[in-house]
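Provided herewith is a single structure, encoded as structure tokens, for subsequent inquiry.
Should a chain be cited, it is by its letter among A, B, C, D, E, F, G and H, assigned in written order, with residues numbered from 1 in that chain.
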Amino acid sequence: MADNGLSYATLDHERMTRTGFPEVIFCPGKTDGQIASIAASIANRSPLMLATRASEGAFRAVQAQLPDATYDATARIIAWHREALPKVGSVAVVSAGTSDGPVAAEASVALACMGNHVSEVHDVGIAGLHRVLAHCELLRTANVIVAVAGMDGALPAVIAGLTTKPVIATPTSVGYGASFDGLAALLAMLNACPGGVAVVNIDNGFGAACIASRINHAVAAAAEAPLNAG
Amino acid sequence: MADNGLSYATLDHERMTRTGFPEVIFCPGKTDGQIASIAASIANRSPLMLATRASEGAFRAVQAQLPDATYDATARIIAWHREALPKVGSVAVVSAGTSDGPVAAEASVALACMGNHVSEVHDVGIAGLHRVLAHCELLRTANVIVAVAGMDGALPAVIAGLTTKPVIATPTSVGYGASFDGLAALLAMLNACPGGVAVVNIDNGFGAACIASRINHAVAAAAEAPLNAG
Amino acid sequence: MADNGLSYATLDHERMTRTGFPEVIFCPGKTDGQIASIAASIANRSPLMLATRASEGAFRAVQAQLPDATYDATARIIAWHREALPKVGSVAVVSAGTSDGPVAAEASVALACMGNHVSEVHDVGIAGLHRVLAHCELLRTANVIVAVAGMDGALPAVIAGLTTKPVIATPTSVGYGASFDGLAALLAMLNACPGGVAVVNIDNGFGAACIASRINHAVAAAAEAPLNAG
Amino acid sequence: MADNGLSYATLDHERMTRTGFPEVIFCPGKTDGQIASIAASIANRSPLMLATRASEGAFRAVQAQLPDATYDATARIIAWHREALPKVGSVAVVSAGTSDGPVAAEASVALACMGNHVSEVHDVGIAGLHRVLAHCELLRTANVIVAVAGMDGALPAVIAGLTTKPVIATPTSVGYGASFDGLAALLAMLNACPGGVAVVNIDNGFGAACIASRINHAVAAAAEAPLNAG
Amino acid sequence: MADNGLSYATLDHERMTRTGFPEVIFCPGKTDGQIASIAASIANRSPLMLATRASEGAFRAVQAQLPDATYDATARIIAWHREALPKVGSVAVVSAGTSDGPVAAEASVALACMGNHVSEVHDVGIAGLHRVLAHCELLRTANVIVAVAGMDGALPAVIAGLTTKPVIATPTSVGYGASFDGLAALLAMLNACPGGVAVVNIDNGFGAACIASRINHAVAAAAEAPLNAG
Amino acid sequence: MADNGLSYATLDHERMTRTGFPEVIFCPGKTDGQIASIAASIANRSPLMLATRASEGAFRAVQAQLPDATYDATARIIAWHREALPKVGSVAVVSAGTSDGPVAAEASVALACMGNHVSEVHDVGIAGLHRVLAHCELLRTANVIVAVAGMDGALPAVIAGLTTKPVIATPTSVGYGASFDGLAALLAMLNACPGGVAVVNIDNGFGAACIASRINHAVAAAAEAPLNAG
Amino acid sequence: MADNGLSYATLDHERMTRTGFPEVIFCPGKTDGQIASIAASIANRSPLMLATRASEGAFRAVQAQLPDATYDATARIIAWHREALPKVGSVAVVSAGTSDGPVAAEASVALACMGNHVSEVHDVGIAGLHRVLAHCELLRTANVIVAVAGMDGALPAVIAGLTTKPVIATPTSVGYGASFDGLAALLAMLNACPGGVAVVNIDNGFGAACIASRINHAVAAAAEAPLNAG
Amino acid sequence: MADNGLSYATLDHERMTRTGFPEVIFCPGKTDGQIASIAASIANRSPLMLATRASEGAFRAVQAQLPDATYDATARIIAWHREALPKVGSVAVVSAGTSDGPVAAEASVALACMGNHVSEVHDVGIAGLHRVLAHCELLRTANVIVAVAGMDGALPAVIAGLTTKPVIATPTSVGYGASFDGLAALLAMLNACPGGVAVVNIDNGFGAACIASRINHAVAAAAEAPLNAG
């Protein structure tokens, strides 16, 4: 039923033209074999291939098909490029606590794969405000900021009060009890008092990277072709 | 059935001895007449009477029975004292936004009625951190801080990171949409990263006053009779 | 306690420098008199003043202080400028149904006040896909798209699949029953399959405008000063 | 207590006459031995036997009693027929992503067992609208469409806007974070803007098959005996 | 921006061809004037016009434009036909209690407008099973059954156990307390034990009518042209 | 701190006098050793000892202390009696499906231990009404009925419509998706249309037994000493 | 369609025989006229008629048909008897606070109408335990206790620890914020630690009366005819 | 990026000065190696180090770096002190059931580490009120009470009615079904009728210890330096 010879997947090979990025493989619910076959099919037609929430087993299956594929175990991302994308602009990825690291890593690794310069700042939660205040310069010069936090989810609001740049709030499931697996952080971020914050799904580092990359590329493109955007 | 001649209420006249404060009238669901009768019965046996969430109509009904009763329209509290309680210690009531004012007022008025010195700081939400940072001295010298906020509910956590004193977080229903009438603020406060925060019910300025008064009186009592508490 | 002579508000007059926009008045929970006083105080020091969720009564109170203030009854926004901001870039505001109009209007009016060129497309929900497909050119040339929808909340995901630009999804409380006042749309948008979507609070047209304006201004600034951003 | 010699089950052997289909075994919470005994008892009196959410262990236990039973590991269905039912009409089963495959398979396998012609289309989620648009002809000629999707749950609404046929929306638990195990997709489907959609429980491919089969059989019966239905 | 001269609506005049029914006006959130203008525009190009959740005021505004429009105050539907649709097939609308009447009426009136023969049975909730059992013949001969219930929502499951026909379960917000405005009935219906049930949104009598009409028309069409559907 | 030599438990040895039944051990969260020690301490002073939600390991630990203890693996109850209680009255335990068996068993075994005559009827869910209708005589002669069901939770309401006796509705977590681990059944039961139903916690067979036993004993006591109760 | 000449209601006149009590009119969602007609129809065939959640307007409409009908404004119950039922047994209705009064009144009035002796105790919430402890004798001699409470919902658990009789816990919507209109009390009651508690819907005083009456009548019947029940 | 040579953590070494307690390691989501490195870094600069929710594996990793570290397996806390803190004041930790033990232990161990005298009372839930009443003297003389309970969460409210001291309510996830992992207890505590209660997150024994320690130290400090606090 699908034109690529896979009975379980209808690949969307034109997505790169339409949206600036090829289809990405979301691994949960797919077998390692399915992941490897879809990866090979994407790599056949696109200059890059990304698989998120990937296990080491999935990576080994992909590697058998695409020997140049790489794997970041913290970010759980398998990546393959025909040739590396040039990096543009500037995205800051800021996280509240060490436990938020894997989600921040998913955002950072995906942003790098998508051709963005990335700066990372970790463990600057609001329990010690001086930690985030020490990075004001970075927050003001990045084109967009990805702010990752669990528990009270207060970091993006604090950052939005310190900068004029868009803040992509990324709640994590770090916490327990009435954090309800990240719901508390999600709601706090949706209700952030300062303007300039929008929110992605819980633990969705990749989703934060997608919109941050779109913003950063829009800015970078304007810098290259200023007549169209200003 | 009740020893006070009221068929709809069994007053708890010993509560002042047992808990340090007499029974308080929670007005919603009671008629103005019921409120006035209960108020008169309490005033008959206790040195003070408080009614919360009271309308102006309830106040007029109480006033007909207790001409010295007073009413704070913002706090919606009716109060009556045989003689004013001496004020002790120091409680800070801090609110995030002007819309949180009625809940902060309920806390402040109740604290004053309960015999506490109260300092108020308003409209110092986290959108402009310098506003709360300007009050660090107060936050460090009060015996206890009542922190009132709606929307993202981040203020108590920020305050707890700036002081060694207990913080009573008071969520308000200020907000809309995914604030879910204060649920977002409540959850954020329950998940506050810094230690030193405990939470009362949404819009429960009176409840915040109750525990803050207990803390402040415990501290003040220790200052008066240091041998028992240290 | 506040340096501006208002006992119920601590204005944040430096916010414009810090975040590119002055403090905005969120009207619910404030009296008309409070709104007018805060508005006058902001206008005294800032080049513009905005009040959201404002009633006609609040407008009349503000107008008594600031005769040049204007009111958009659909958007429920009171605005006052010392002089109009120059408009830059391009933001598209797209709504799914006529009932979503007030939220879309809040976003459009706020964006215009913040100095953004705005294009509006209304009533292009997914029940008739050809309606949104007819606007692909606009979706691809705007610097950022605000997509407003209630009920199934599917419009932002469909738009994100058609463009490379960032999409700010804005759920509305339009619907009934299991829409749970916009929760269904909010969750659908947070789970949008295509990348490039971030979400603001339910009915939060103003919040959508804030982040869209930050993005659009970042792009426009890059077009003016390409060396810093690319 | 039960007339079939099973102490833990009261079989409903008349259900086929009453509802057109015999009782089906829902395996979770039953031991393999219980499943096999109930299966044998049903097969004793009915022309077919189905067990859903069945493990391989349950299949082996059933096979020991009914050697002709078959097992579909993706759909997790054990089936046994005295003789295959003739297939009638036409049902389309359409899924949004590869991860939705098991639920779509449960629907497809059950539909085939119930005597329906089935067409399957997979991986046509709304991130690339052209994928589903390519199947419009099928959507318009099937008697009923089962539309399976997780995450944003937008596929059934899009399909309902493209056809005059009834759409049985089947949410899946595919997703993470604020998908809340399929709740987001369920709510989105219940709020689908276009008419013509009704919804079954999350991951309930079998339930979708039941109602789709009833619809398809009603249509097919009308084609055979047109006087009663038109 | 819209080709029909309405700035707030983009009408979908091809919907009748594509889905068998023209666009319907959902009145909440629209002014009476907007409703009347949209109604006139639809009536200009389509053979029928429906507006749901309509107030009497909206009806009077529509009537000024379309004098032949009719209004059912229980169903809250405004209808206008260039000429009445011929009625086909058979749909049963069954409700559990008198309080469910308005939702059942919305379904019945909409079904009649859409050209379906409708039979109504009211007040046959499960507290007295004999009431629904008395209608078994009707339940078995209708092409599809719309089952409307609030509170425990058990009626559709009971009906599905008595017939081979598809059951469209329609939860209502009738109830109080832990009915949570129809959530209890909605969940009960999604978890109905017998197969053959699918569910629409709470109080969505119109949505139930839409899918029931699609089913009934598919059956009736097969009776007219048996070769295509069987 | 405890008078029984256990540092982790303050036993309530007077509970039998006060409430008619000794303290029962709820095993989850306790180690096998703790369970055995508490069991021995209870057995030392009470004529019977019950432990619920008990694993086989817990049973072996108890048996080492109380060799006469017995274990029902389906009900997960450890029981020990100094001498068996005489059985009185009549309680019916009715379950909807085979998967509800363990909860029904917990109720039945506990009721027997508490000295009640118990009749069991299983697998009589509403998908086939004739199954429960066949037991009307039993439902009308028992002193109280425990009705156990998951999924749609409709069985207790149906039973309450068939009898004059009190019905203790016991929801189970049997189901999937939007059953939300028994929430759907719980809500349906709380909203049961017929009078005469009260509800216990999800999967709480023991709790159902407690109140049913109190009711049955009250009836039986009245039969023995009719002057006090009638 | 209905044998009683009412098009909107199918009365269940045999219910009294089957369940010991005739059908009761739940007024919300019904017009005053509908209520009066149904009341007259019930009174025509049954010895008593009850309507709950009734407004004064509904009462006046009923009174025009049944001049002997009575109305309790606190309980919001309209009652009519051909002749008063003899009263049997003993039910205690206990409420935690004055604001819970209307729900307790609904239970008490309904119980009296159903032929039960009722004792009432009000305003004995757990803030002052001595208030409820003073009524232990009553709690131990009633055949069944209806315990009504909002807010923390702790009263039924405390009562169940003091008596051997069944406790029907009745949560009320009294409270605010995180009481979520009675959800907090409902959940607390479902999780009551002591055995012997079962729960009815929030604010469902009538439902509590129904099951309490069934229990009390079962006990009273056993006292009259001891051979059948013990 | 961090000044301590750890790439994944920005330690907040000034926190002890600012808040009276150094940063504490929340272990979930961190590897044993990360925990050990952070622990060593904290111990390098602070007089004490605490890690909560720690596994035995984490303890062994920390012990390799800090041989004097200790581990409480029930409380799951790793502690290290350069020298033990002097203990002051008096905190009571009271728990409702044996299953609540680990949360109570987390509170007790943390309080001891923070330099507080601690008294523990266990298993005094409200099913037997005499158990908690036996400890009234302790409840009245402690400076603050930590009350730990799952299920119905009623213990803190009962305690607050018996004392004038502040009560820190600590809900646990002990329970099942509609306890929703501690949500029932959390809500009950937030709605406690008596004043004087504030609440921490579910299972958050450490958080309860933090605020209780702040309160106890404030009281103890006042006893030492009475002039500032009274």
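In this text, contacts are C-beta pairs under 8 Å (C-beta built on N, C-alpha and C of every residue); 3 or more make two chains touch, one makes a residue touch a chain.
If you're wondering where the values come from, they're calculated on a predicted model, not measured in any experiment.
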Shared chain contacts [subunit C and subunit H, defined touch]: A, B
Same or different residue numbers at the subunit A/subunit D copy interface, by half rule: different
Centre-of-Cα separation between subunit G and subunit A, whole angstrom: 57
Intercentroid distance (Cα basis), subunit G paired with subunit F, Å: 25
Euclidean distance of C-alpha centroids - subunit C vs subunit D, Å: 44
Chain centre separation in whole Å, for subunit E relative to subunit C (CA means): 36
Shared-contact residues (touching 2 or more other chains) in subunit A: 15, 18, 97, 127-128, 160-162, 177-179, 183, 186, 190-191, 194, 201
Chains touching one another, given as label pairs in label order: A-B, A-C, A-D, A-H, B-C, B-G, B-H, C-D, C-E, D-E, D-F, E-F, E-G, F-G, F-H, G-H
Contact set on subunit F toward subunit H in their complex: 1-2, 7-12, 14-15, 18, 23, 26, 28-30, 34, 38, 53, 171, 173, 181-183, 186, 201-204
Subunit E-touching residues of subunit C, taken from the complex the two chains share: 97-102, 120-124, 127-128, 130-131, 174, 176-179
Residues of subunit E touching subunit D in the complex: 15, 18-21, 24, 88-90, 141, 143-144, 160-169, 186, 190-191, 194-201, 206-211, 214-215, 217-220, 222-224, 226-230
For the subunit A and subunit B complex, residues of the former touching the latter: 96-97, 125-129, 133, 151-154, 157-158, 160-162, 175, 177-180, 183-185, 187-194
